[in-house]
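Notes for the one structure printed next.
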Amino acid sequence: MDSSNNWRERLYVMIFQSDTPAGRRFDGILLLIILASLVIVMLDSIDSIHRNYADVLAYIEWGFTAIFLGEYILRLYCSPKPLRYAFSFYGLVDLLAIVPGILALYYSDAQYLLIIRIIRMLRIFRVLKLSPYLKQANYLMSALRGSKQKIVVFLVSVCTLVTVFGTLMYVIEGSEHGFTSIPKGIYWAIVTLTTVGFGDIVPKTPLGQVISSLVMITGYSIIAVPTGIFTAELANAMRGEQLQHDCPGCQKKNHEQSAAFCSRCGSQLFKKVE
Amino acid sequence: MDSSNNWRERLYVMIFQSDTPAGRRFDGILLLIILASLVIVMLDSIDSIHRNYADVLAYIEWGFTAIFLGEYILRLYCSPKPLRYAFSFYGLVDLLAIVPGILALYYSDAQYLLIIRIIRMLRIFRVLKLSPYLKQANYLMSALRGSKQKIVVFLVSVCTLVTVFGTLMYVIEGSEHGFTSIPKGIYWAIVTLTTVGFGDIVPKTPLGQVISSLVMITGYSIIAVPTGIFTAELANAMRGEQLQHDCPGCQKKNHEQSAAFCSRCGSQLFKKVE
Amino acid sequence: MDSSNNWRERLYVMIFQSDTPAGRRFDGILLLIILASLVIVMLDSIDSIHRNYADVLAYIEWGFTAIFLGEYILRLYCSPKPLRYAFSFYGLVDLLAIVPGILALYYSDAQYLLIIRIIRMLRIFRVLKLSPYLKQANYLMSALRGSKQKIVVFLVSVCTLVTVFGTLMYVIEGSEHGFTSIPKGIYWAIVTLTTVGFGDIVPKTPLGQVISSLVMITGYSIIAVPTGIFTAELANAMRGEQLQHDCPGCQKKNHEQSAAFCSRCGSQLFKKVE
Amino acid sequence: MDSSNNWRERLYVMIFQSDTPAGRRFDGILLLIILASLVIVMLDSIDSIHRNYADVLAYIEWGFTAIFLGEYILRLYCSPKPLRYAFSFYGLVDLLAIVPGILALYYSDAQYLLIIRIIRMLRIFRVLKLSPYLKQANYLMSALRGSKQKIVVFLVSVCTLVTVFGTLMYVIEGSEHGFTSIPKGIYWAIVTLTTVGFGDIVPKTPLGQVISSLVMITGYSIIAVPTGIFTAELANAMRGEQLQHDCPGCQKKNHEQSAAFCSRCGSQLFKKVE
């Protein structure tokens, strides 16, 4: 009994953590299997391959489903709190990785199962999460969180611009030039403001082209706004590994990580407790 | 009389301010109604919906007009200075929100009323204005104001580039390749410089393609300019500024961010606390 | 003689400088005339207008030529060193503003004169040069100058990328998909890398689309490079109105513009000369 | 024998280094020859030129091959360690510059030799490497190296986004609107997210256009991420660093940029000079 517990614990460390060589190897293999299953999904969607190799691909897919099912059962088995795992975010993603393979046994039209099969991709983040990249992602996240409000202001302004310009173009150009409704006009305005410019709908009237030019120059210029916001926040987040403590002498707020004295006035930052 | 005044005052606080729960609830409901009226305008512009549901949508539109009319009268009633409100920016926008509904009774061709109906969207900003987002918008605004002159210089340069390149392309490519006039050439140059690239007009001659490449690389590179301007200004606005501390020697008020000594008289700004 | 000289001097101040109200008014009127002449050039290039109003536009053009001729003679007359003015950059631009009007008397095919007529636009910068915007333009210029070498490295890398990718696509896609030669492939690579994306030439083969994806993601990412370079330089240029002087005590290099003492060690920066 | 060695040494300095006038002149001429050989390759790929001047171009190509062969032999001859040179990166590139000319004697179908001939371009970097631009490239490189991990996180996120959106669009739009497979959908998502927007595949269904709008706004916004990362890193690399000064109290070597006192022992770092 004791040795079984011990074995379960070692399995837990290997599957759920990545500090040990075995854990890292497990993560690496899992990553490869996930990527391989994604490649199979993609190949299966290509018409000429699907027609000739549908059976082979289906067998491979069953193989992957079996592997993921085995992994899911192992995770449930070795997890100290199986229910909590099952209803966690990654637990549900792990479950979703198995579902389409089982459903495909009953439904032949697997078209809509595709999206679920692609969701397996999210499992990549579980593997990456346990890596040194986490800290970098945290930097990015904290910069994004810091600039959230500014980005909302920016997005609301963009939505307003896009609605006003889309309506204007609908009225000016009319449905004979492809602007068949206001939503279509807004779609065009988004295509243009973001400088994508598909070219499926283009202004034909001189006035429409003048307004388009306005939209384009606006879109070209205001890209500076989210960039500026994010850059400034990121520079903050990166500089920010500093000690936050008001100096008793001069109220200087930020200090070197390991400062004992203020670099501006030389006051001792903390008193020795004796 | 007194109770009526009291009631008016409470109405004023609810409608015009957003510090109280009632005020916030009022703003929330107004925001939803504005968005709903915008959705109706958009749906009405889709041909297939207009043909089948024109009557229903017209009734709903009348409902919104009635609500906005009621709101406008209430605002006039509870405002301490009704005339000043009526001629303020938002007072006029509030009035414009009612006009198209009334005009639509007399004119059946509501095409050009659409733009006025879309202007209702500006009322969203009234609601947002009274929110914690204001401060963030202020940061952005102060950064934009600080970089105004630089941005004018940038835009004048862009206009010059676009005119010169547009004329060049008109002369080189000529009207057989779609460059039918200088304004059209300028329109193409804007489409290209802003990296939108619709593809409705494209250079066909080798020389034209060489110049296009020049325009594209220019456009690709100079996007750095407004971004750089705005980022630098925003970083300034966020980093904020100088050390505010009266020098004990000469009362100089502003110092370098990290000054330990006054740069005017050399006095030590802060005493070491021991 | 003396009064004539006096008059010439006052004319010089008015025409060449913009410190006086008369000088500013002169600049303003000149700016309007230049813009009007540009509008005439553009209108003349539109086919339907040219067919109906060619004569009227030609008369107006002659009028502008006469005005610019008069201005040129006045500038020559009141300039203290007429020859030096005549061969300066703006002197030549001023001369070029007159040439097309005179040449048009002899040549009816004014197509190629268009570019010269558009060059008048450069005169706008003469007017702007004498304005408060100059300082802002200087900031931008010094930032560009500071990042010149980095930008050369960047552009050489872009050229290499574009040549390699263009050749690859020419070999992979071949002339049946529009990649008729290496220069065409390079043109496509520029269109794609700069994210313009006209869509006149698009990859059709799977391998071509994979490489296109690579080009696009590269182009999407390396836009960060010029932006980063310019932003960092501009932030430097803006911060940079500092005193450059080595502190005798601590060798600190940059000080507040008007610093008398070092803000780090309190040493007097300059010795009183007696 | 001695003079031969001397001569070899001087040749080595001239060919491999660029500190002497002779070395710089050699590099300049080599750069011109490389560029000329690239131009020939490009001209040869244009159909109309190839048909008329194939022979002339082949002779010129042989000339270039002879020159590069001569240079390669000289490099081998004067190099102190010929084998080490031959297997170095640039040694192999130098060899590759000769190969296609020799292979072309046996194979008439030189199509696939094109890419090798274009690889000559890499030799440009050898010339540039020996220039003052090196330091600038180093700045860029150190900024890129510093942001490597963040950029990997960013690219993995972009790949996930692109896969999920591409699959969604494949399911929604289907092959009748050009989304014939998931890889094609991913290709479209890359074209759209990077704001290239060729327009060869465009969404037709309303739901597809809504999701496209999402992809475009995402792509338009997250360009801020690599830009922010790189700018912040570059600003770090340029601002450079910390104050290098031994603390008189504790010999701590690195201090905050503007420190007046040591943050470890509180000693004043610099003495006031009086």
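Order of writing sets the chain letters: A, B, C and D. Residues in each chain are counted from 1.
Here is the rule we use: a residue touches a chain if its C-beta (ideal position, glycine included) is under 8 Å from a C-beta of that chain, and two chains touch if they have at least 3 such contacts.
Each chain and its UniProt protein: A, B, C, D = Ion transporter.
Because the structure is predicted, anything quoted here is derived from the model rather than measured.
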Shared chain contacts [subunit B and subunit C, defined touch]: A, D
Same-residue or different-residue interface between subunit A and subunit D, half as cut-off: different
Chain centre separation in whole Å, for subunit B relative to subunit A (CA means): 29
Subunit B and subunit D: spacing of chain centres that average the CA atoms, whole Å: 40
Per-residue overlap in subunit A, given as positions that touch at least 2 other chains: 183, 186, 195-199, 219, 223, 227, 229, 231, 235, 263-268
Contact footprint of subunit B on subunit A as seen in their complex: 149-150, 152-154, 156, 160, 163-164, 167-168, 170-171, 175, 180-183, 186, 192, 195-199, 202, 206, 209, 212-213, 216-217, 219-221, 223-225, 227-229, 231-232, 235-236, 247-250, 252, 263-268
Residues on subunit C engaged by subunit A in the complex (per definition of touch): 195-199, 227, 231
Touch list for subunit B against partner subunit A, complex: 38, 41-42, 45-47, 111-112, 114-115, 118-119, 121-122, 124-125, 128, 132-133, 136-137, 139-140, 143, 151, 155, 158, 183-184, 186-187, 190-191, 193-200, 219, 223, 226-227, 229-231, 233-235, 238, 245, 258-260, 268-274
